[in-house]
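Presented sequentially are two complexes of chain A, the first with chain B as partner and the second with chain C.
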Partner chain A sequence: MNNKFKLRKTNQFLWRNIAIVAGTFSFIICMLVLVNYIQINRIDPVNTELINSLVQRLEENPNDNQLREQIREMDLLVRKAYFTNQWQVKAGGYLLLLGVIVTAIALQMFYAGKQKLPEVTESEQENIVLFKEKAREWIGLGGFGLVAITLLVAFLTHKELGNQFTQAALVAQSTPEEKSDVEVVEPIKEEVKEEVKVEKAAEEVKKENEKPAEPVVEDKKEEAVEKKEPEIKKETPAPKVTGGVSYPTKEMMANFPAFRGAAGQGVSYQKNIPTDWDGASGKNVLWKVQVPIHAYNSPVIWGDKLFLSGANATQREVYCYDRNNGKLLWTAKVEGIAGSPAKSPEVTPDTGHAASTLTTDGKSVFAIFANGDITALDFNGKQKWAKNLGVPHNHYGHSSSLLVYQDKLIVQYDHKKSASLMALSTANGDELWSTKRKVRVSWASPVIAEIGGNTEVILAADPCVASYDVNTGKELWKLDCITGEVGPSVAVGDGIVFALNEYASLVAIKPGANPEILWEAYDYLSDVPSPVISGDNLIIVTSYGAVVCYDAKSGEIRWEQEFGSGFYASPILANGDVYLLDREGVMHIFKADKEYQEIAAPALGEKSDMTPAFADGRVYIRGEKHLYCIGK
Partner chain B sequence: MKKDRREFINTCFRFAAGASIIGVAGVLANKSVKGDYLWQLDPTKCTQCGRCATSCVVTPSAVKCIHVYDMCGYCDLCGGYFRPNVKNLSTGAENMLCPTGAIKRTYVEDPYFKYEIIDELCIGCGKCVKGCGAFGNGSLQLQVSHDLCVNCNECAIARDCPSDAFKRVPLEEAYQFAGFKTNKKI
Partner chain C sequence: MKKIFSIFSLFVLLIIDFAAFAQTQRFPRPEFESGYTQPVASMPEPRAGIFALVDVLLLIAALSLITWFIHRKRSRTGVVITSLFSIVYFGFLREGCVCSVGSVQNVVLALFNPGYHIPLSALAFFVIPLVYTLFFGRTFCAGVCPLGAVQDVFLLRPVNLKKWLQKVLGLIPWIYLGLAILYAATGTDFIICRYDPFVGIFRFNATFFMFAIGAAFLLISVFIARPYCRFLCPYGVILNLVSRVSKNHLSITPASCIQCKLCENSCPLDAINKPVEVKQMEGKRSATRRFILLGMIIPALMIIGGWVVSNFHENLAMVNSKVRLANELLHFDSNTMKESLEIEGFRTSGKTKEELYLESAAILKQFYYGSWMLGAFIGLVFGLSLAGLTRYKYREDYEPDKGECVSCARCLKYCPVESN
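Let's look at the complex of A and B:
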């Protein structure tokens, strides 16, 4: 067969070698770029924990010049590594592109030289028409297939559509009756023995260190088990009794059932609260246990039981401790709840997945997590009900705590997509009422107070402080007076509501159908700790370390005090004194009086951002890692 | 004159083609008159969460700190430059807030100092912006630098921004600085 085409002759040896060299070069560069890219992603110049910890050490020892030099060297090294890697990735990318182009050209030239003209036989010539037809068909079908796959992928990866369908599916699936698998884990005795460390005095601590696995539960502690119903301290402000119903109830006041105590007002009604301890030496630390999963919720107490929760992106747990000896009585895993999202929402490390404090009514304990899971457990850790309220769209993480009023579990659920206040039945989780709110995301917690014969739930969120009838959810009053990302909850005293937020103002509100601002101040504001009121002394705590006492009636500053460390924990009024835990774990105890008078400043020896809980003669503090019981 | 069906269909097609051409021309003309839109960050909504530094498709991020000098107090103790609780107001790494050393501090006259942002080093983490906002006038502000921004169809930072601070702005309003803080009203 004659053929008019001519094959181009190339130097195959040369092109093959060029292809090999360029290909190898490209491969090496590709690997180097990949390694560099991984390194860049590992280096986080913004949050270099090592440098931060060294700087912290330097703050403690400002004259340590060697440490100072070390920080400077480390800082330079991190910056160099970060920017050099970036430069290397960019240059490597260009080199890789060049290498690939040269390889492709060389390969093309090499194979072009190897090509031979095909010899077509008679039979193949006949088949060629059929082959072309088939090829056209396949090309057509392939094209349609690609279009279909593209449309399918576009549809599946469309974020908004995907979310809407998932949400709709979750809502459709979620039925409150469905029970989840709550696993009650009995703690293994040996583990408890290891965890429970009773540190009475420095000598005993030393002994314990020699035998760390030995359980130490002292007789004295057992004797200290309080069987009597705690009495209500006379000095603490008693709630008003209106219409035969009082809130908080005597039972609640005898315990510490919620974030900032009964009704969330920042008042502890317990007595004989210790003022002297030292976490480092173990002085007056009755016991100390490690909490399995870290979280920012504070302890709550009912009877001899103390409750906490812990969570991370994959696990959610509720813990019950014997508050007399620190024994972990049970752990309830909260999982498999209908409607619960497969992936936990993104939260920031300083809020976490379980920032909301639990609450209890003496029969059940209620917990809520950042993914919207809410559950009720009995005092043996068995689940009574559980449901998912829908994932809260909250860029730091949901942190509003829960409260119980009679048979209602009060949930403040202010997030980006929708904001509401709801009351769920404590018995079965059914929604008793729900009130939509026109507010932005809030991290504050509800406070229940009796004002003018009404029992009101008072909430703070940008742009208003609002009050709702606790029985019906009906809005009673609302006042636009607060802005920003509201973290502090309100304080209520003598019929006046006090609300504040960073970059907004501190306002004293006279509630009622037409609420009025009695006074306003801008000098000291808080973005995390809530205020507390004792008589006409309003105590404001800022997260950067200033504590101020205002005259609650006039708004005049009575005293100001600066502390070295900032505060995230809220102050609690106990024994007529203010207990305020700073972020380093030092409890500042001072008189809630017209003059600042420090009583003591005992140190825990561990950082803490959690609000302490109180029982008669005891203080319970959740530190960064451990739970402490302090007493005499 | 009576048209047959073929002529009628032809006329319809001609009209449709004409209308399409006019429509496309109109849209293009409108776009050229109105100008293009760009991604920008609203400093009044920004919470300095740090995601601008990590979410941008450009490395380092196209979001940079911009210094609005008119608002600056030229403080010696600058909340945007120094770490909180700093004891020694020197330019040592142990005192600096910026993790990449992207702020240059220059002495002006007692007790004033000038602070300049080095664009090449700034990664848009917003630490200085937070510090300046907390203790100063808020003169350090995060902005999308349009000479670096590739103006993605869907901005990766806008998608991740927790406070919805990113929006498309017309070309003539490419930069959006927040003004002086006004007194809070009731």
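Let's look at the complex of A and C:
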């Protein structure tokens, strides 16, 4: 016989030793990778106990820069360790693969060398009859076992799920909120246990991480307003009058009652706004005071009074200043509210515990905080009512600002567990209506505008821009067109709603029962500042420093301007000019026109992320630490 | 031989270079000044049309080559070389996707869901190995399938399992295939891909659990040849059926068997059928009676199987994400329980509970009928297996079991007979 079976000669000693070395190496690497893998799974680099405790200490002492730096360094170390571990696991994986390959080759070679010529043994033949009999037995046994186990589990876990689902669907069908997103809830009264203490204090700063609303710019109907409000400028758009009620009211326009002005539209109706100042030298700075507790909310003004709030993890305060001389008239501590959580929710440092700007109706001032506390104070700082809306589950911190419409305080409360828009009675805080919203958490503020005979509250949040009847909360229209963590509020002009968000798009929406997108652009998007519109010039501001003017009708870019510093503050239209404060505190004043034309760029000398407030001949800016009054 | 090896090495190098070139994206990835590096995607990126075509062409080339090695050259070395190429290209470079094993699910989904358009490459990966198997036996399993090849590399000390145990364990792939079809047909999941023990290793991103399963399979492969192929692979059972009727299956001897018995223990998969002597066979009458009896009870087994599994359909349906969410929502109490991410996602999706419950009820109904079919299928498999174990076939020569043999060509060198 010519047997083709060939024995291969291999150096068995060599291959055995290679196999041992490579196998040991692979085993060690495997263990190391496992240990690293376990470490990675155990450590959450953004949530370590030590750093959390340091952050808590920092919240109590926000001015401790050394501690702040220490936290940053530790955070960097933890993150580096995390990514190093990840790298090690990956590199270990490659080394392990290499080790296993070498081991496998060495073992194959080793065993190849050990091969023997095939032998023919006269061993007893396997009895095919017995083998088949045994196989039949075991298959039968296995089948019975499988049936028994399946039936046992089936009967133990049987739930008539199909029927349960069908019944649940019927129940859901008969439940009103299942049919519609809109739910009008009966007001629930809540007791307010403690009063607000009125004290003296110092000063503070604010910010607007929130993204509020846009101005309604309609040049047509200024006449009636101008008669009684001579201070309103020609360039300033006047509100529409619907059903005998105009919004914002003349009183509101004469003041600066909310974030981005009356109705949150980004328009100041004041005149003689200064354009020249210098914070460093004090030129045209009428007064400057330190704000007691830092926060990112912006100032609001009614008459001679200017309101701000400040908060940290343990304290929440509302401040009232005499806007003529900077005197702190009173400080109202907001505490002891029924339902208020013992511990404030975690917020990020760039949002803080009081990012929401206050609002006022001329009789009361309303404030909301990151822990869900909301309060109404009279103009002497005495608490009229207070309640807790439930701790908002918001990973940065609640930042949507408040608005007042007649006797209603409008609150956007989109957080992770539930999203809603509600109207509380300005008189007693009772819930007048509440509408559930199917959106993700958002930071944008409401805007109120007159559109097509309706007074609408317009909100932007992933996944839609939606409008609600301000009197009933009924959803008027909704358009899925926005995604992500929505910060900027909408702008409204000439019956068109403009919404945008970073990593999404800028959309111009024609509102109505069947809203439609008129145009869409992707070039310049914002994640914090809101847009503003003047005539058909739509001004978009980005947090990285680009400012762009679009043709509001066609979506074409009219001009683009790059600034050295980015923007968190929203632009305000005043005197037909745009006032835009950059993060370094430089106010860029330029024409809201088809061509870019700079008017001035006065510097505050202090960083600021807050939107300024305006009064006749005055600009009020909350800097990082101080509140400034600019005037001539 | 050296010449062939050189040409093949060059071919492999060219393929690797081409694959690296193919990684170039249509749009370059952005670079970050901060030093941030792009993470590797956990799922393989979709293949552009041309590269999908390259994959299919390479599959055909590899199949043709290995078939040539097995049938013409009768070369185990050729099979090993092709196996290594498959591990590198279809395994590590292509990250195990598309693979023929998983393509079963694409085909099923396309059949049951008219809205799903099966990628042509997936269809090709399903059909082409079947065609080759129909003509040449399971040459795909021999060394083109990266899952089989990687197990083969680790086989060092083969141990033969008891025949009866192999028969019992051999039923598992049928059950797995039935489950995979049920889940694919209902659009629930591609369980073959999700629980593929080797794909995570090929991609370097296995979860700890799947890595442990993959490592366990490889360790078992050291002693038991191809445990995944024989006792789990759902595509393997389809190839097994097709291979039984293959036209030109590998034969151990190139001419006539001389009954030398040298090859008797050469197959690590125990896929060589030995001669059956008449004296070993059971009495014809009792065997025939049992065969008829078992044949008659197959319908009963199918009904029992259908009834049993239909009772289990709720548990099977729980794999479906919509059913799971509806069930969670049904028992969710916002006052005492923390909302899960799934419920939060549903709440903000704009969908009503009513829609979800109705959809879930419809899916449950699909599972109910699907479970009847699955149970009946399992009953049929058990019945046919039992009946098959009653059948005796007289055999004189040593022959590969055409269904079980994966054409690995190990046995060929044991045969001393020269071809004519």
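Here are a few things to note about the model shown:
Basically, the second predicted complex is superposed on the first by the 402 of 632 C-alpha atoms of A that agree within 3 Å, B and C clash if a C-alpha of one lies under 4 Å from a C-alpha of the other, contacts with A are read in each partner's own complex, and residues count from 1 in each chain.
The definition used in the following text is that contacts are C-beta pairs under 8 Å (C-beta built on N, C-alpha and C of every residue); 3 or more make two chains touch, one makes a residue touch a chain.
Model, not experiment: these values are computed from the prediction.
In the superposition on chain A, A:557 makes contact with neither chain B nor chain C. Using the contact criterion defined above for the overlaid structures, shared-chain residue A:134 touches chain C, although it does not reach chain B. Of the two partner chains placed around the shared chain by superposition, chain C is the only one that A:155 touches, whereas chain B remains out of contact.
By the touch criterion defined above, A:432 lies against neither chain B nor chain C after alignment on the C-alpha atoms of chain A. In the superposition on chain A, contact of A:81 is made with neither chain B nor chain C.
Between chain B and chain C, the partner in contact with more residues of chain A is C. Residue overlap on chain A between its contacts with chain B in one complex and with chain C in the other: 159. Taken together, the chain B residues at the contact with chain A in this complex read 47, 49-50, 53, 59-60, 83-85, 87-88, 92-94, 99-101, 121, 123, 125, 127, 159, 162-163, 184, 186. Those residues of chain A that touch chain B in the shared complex are 40, 45-48, 51, 54-55, 58-59, 62, 68, 71-72, 75-76, 79, 82-83, 86, 89, 159, 348, 395-396, 481, 483, 485, 503-505, 507, 517, 520, 522, 544, 564. Chain contact summary for the complex, chain A toward chain C: residues 1-6, 37, 90, 93-94, 104, 107-108, 111, 118, 120, 125-129, 131-132, 134-140, 142-143, 147, 150-151, 153-155, 157-159, 161-162, 164-166, 168-169, 172-173, 178-179, 181, 416-419, 438-440, 462-463, 480. Residue ranges of chain C in contact with chain A, taken from their complex: 153-154, 156-157, 163-165, 167-168, 171, 204, 208, 260-266, 274, 276, 280-282, 301, 304-305, 308-309, 311-312, 314-315, 317, 323, 326-327, 330, 339, 344, 347-350, 352-354, 357-358, 360-361, 364-365, 368, 382, 385-386, 389-390, 392, 413-416, 418.
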